[in-house]
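Before anything else, here's the structure in question.
As written, the chain order gives the labels A, B and C, with residue 1 at the start of each chain.
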Amino acid sequence: MEALFSWQRFWADVPLLLPYFLVTVKIVFWGIGVGLVLGIVLACLRLRHLAWLEPILHIYVSFMRGTPMLVQLLIIFYGLPLVLAAVGVQEAVRWDKMVFVYAAFALNETAFLSEIFRSAILAVPAGQLEAAYAVGLTRWQAYRRIVLPQAWRIALPGFGADFIALFHGTSLAFLVGVIDIMGRAQALGASTHHALEGYLFVALLFIVCSLGLRVGFNYLDRRLAYGR
Amino acid sequence: MAFHLDYFLASLVSGLAYLPRTLLLVSLPLALGLLGGLVLAAFRVYRVPVLGRLTALGVSIYQGVPIVVALVIYNLLFMSLFNDVAAFFGVATTVAEVDIIWVGIFALALQEVTLMEESFRGAFYSVPAGQREAALACGLTELQALRRIIVPQLVPVAVPMLMNHVVGNIKNSSVVIAIGVAEVLTGASIPAARTYSFLESYVAAGLIYWALATAAEQLIGQWEIRPEARQSSWFWQVCARVRRRRTVTVAQQEKRGQVHAELEAYQKIL
Amino acid sequence: MLSLKHIRKSFDREEVLRDVSLQVRHGEVVSILGPSGSGKTTLLRCLDFLERADGGELTLDDLHVDLAHAKRRDVLAMRRRTAFVFQNYNLFANKTARENVMEGLVTARGVSPDEARKKAEEALAWVGLLDKAGEYPSRLSGGQQQRIGIARAVVLDPEVIFLDEPTSALDPELVGEVLNVIREVARRGIAMIIVTHEMAFAREVSHHVVFMEGGRVIEEGPPEQIFSQPREERTRTFLKRYLTDSNMYYI
């Protein structure tokens, strides 16, 4: 029997796998990008406590936070095309499948980021808003110039943790057939009967990137400390 | 699009039949994580030579590995090595005879250990150093200070933390389908293999996980209810009834009173 | 110049202000004294719309506002003609000392950044903290923060400044530096309403003293009269207790 692991196969796998990391990066990009915008909108909507909307938003956030990412991915990947077709967007069924993967991660991020921003805004002391009003700022000016910059600062550690969680979460996408770096490693393993090297490289890549992201966020955290 | 209610219900029933498996995948890693996390956190908090450093390094590296990646690696190693290892130890079991759920439990437990380690450490540092110093100044030993002053103050921090871990683990448990472990998600998908009603199956599975997570949140949330509000909580009434059934000896009562008096004295000093 | 009429305010059925009326003339310093819970702070907060009064009228020269039903425009106009100094300073945590002082000028008044910077530095120099212009509030002592809070108020050239217990959150040894700055503001002829527990300071700096209790004005008049010959029994009891206690702290 051949050895379970060989360095030779490991190095041979690297160029075959690395290009597929781009798929992972794309999922993170769309997940964070869309999630950030919708998350802030959602946080602001929830802070205003709109009577008719609040229960719906509450249920949405609770479902997204209370169910596995994998299940959400499966529901959105298989369900969203059908829902879109039902409301008249017939061609949705023929769209690039990746759109629905991006949508799944973005909708998940929306819920998580909205909670992070909501609690961050609530954590800014009320006196900051009052002082802004007292020097004559309007509500919008006060939020834009005083409250949100401080909230952003408070949200940063949570945002960093969430970013890394999303990055890790993308590794689930191969379970719906996405050929990202994980999917490629699996396919490579199936064709060569040597999967370990590929998976170990994926693990290593995730470790390095995660550590890098952590260091980066810690640096930002210190940089933006407003003198503290 | 048609959402078939009967397929959905069939999936719900089929998924619920696998609930015990999911509960096993949640509870066992949680218990192991609690234990392992506490030990590792102690290594770091008390700066145990070598072990403390190794823990710090190991935890931060291991946290970089997504659970599903770890899972497929463990599964691969398990599949390729189990027979040889079993033969080496003279065990007459083959890989086909072992329930693969143990691989899932192993992977989830290891992940939980690293997460718990971080939480425990955070909770420990949330108690100001002055509390320990004050306890020592009152003449308590290091162990007494831990048991009577620090740990009681850890509880309010640790409870919401525990809740996060329970909910997190419920959600994490579904990834074991990547290596073919049967649990709620798999169970809910069984009817879909015949009817192709995958959406109904996944929604059913989602609802089960959601209910489980919400129930866990509610249950643990009860611990956070302030003493004066406990009268109106069903959970605490049940607890009180259970407690009343236990007989309390006079000696125990005396000891309890003494501890109370001591604690009050400390509170005044602190 | 500033006149308040019939101000009422309740929190959850608890009446905090019951028909309070008050006059402040140009350049006049008015001190409001009273036990805690007497409604002094709430009164100030209502004037700047940090709290919405249930009723009452406010006239600031040509600006006439119904406190309960003021529109956004009136609220903003009132805030842009007045300034507020908070008990716990409330310096903007995300801005340096200089930026704190500039914020109202640039964003609310539309002053150009260059001119605002010049004015801000003048104001900082005036409170003796020009060397701290680039520091964030978290790096400054309470006394320094409050002096910057006062600079932030004065730089807006307000018609009246509301000061809500400006020295209550300070360590005793830092009270003096802040009181000195407030004395300077008075000397400049800017009208102020000060809620304070510093009796000796109130007596020295005010033109007019108001004693409040239970949400009502019990007695008001020139400081000599209030402090030396208070007419009301409640004023007398309050002063007796406070003058013995607080004079020890006054530096």
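Here, a residue touches a chain if its C-beta (ideal position, glycine included) is under 8 Å from a C-beta of that chain, and two chains touch if they have at least 3 such contacts.
Bear in mind that the values here come from a model prediction, so they are computed numbers and not experimental data.
A centroid comparison over C-alpha atoms places C as the chain most distant from chain B. Ranked by the number of C-beta pairs in contact, the top chain pair here is A-B. Here the CA centre of chain A is 24 Å from the CA centre of chain B.
Averaged C-alpha coordinates give centres for chain B and chain C that are 53 Å from one another.
Chain geometry summary: the mean Cα position of chain A and that of chain C are 47 Å apart. Shared interface positions of chain A, i.e. residues touching 2 or more other chains, are not present. Interface of chain A with chain B (complex): residues 4, 62-63, 65-72, 74-75, 78-79, 82-83, 85-86, 168-169, 171-172, 175, 182, 186, 195-196, 199-200, 202-203, 206-211, 214. Across the complex, chain B meets chain A through its residues 1, 60-61, 63-70, 72-73, 76-77, 80-81, 167, 170-175, 177-178, 185, 198-199, 202-203, 205-206, 209-210, 213-214, 217. Of all residues in chain C, those touching chain A in their complex are 48-50, 72, 76, 79-80, 83-84, 86, 88, 90-96, 103-104, 107-109, 135-139, 152, 156.
Of all the residues in chain A, the ones that touch chain C in their complex are 125, 127-128, 130-138, 141, 145-146, 149-150, 153, 226-228.
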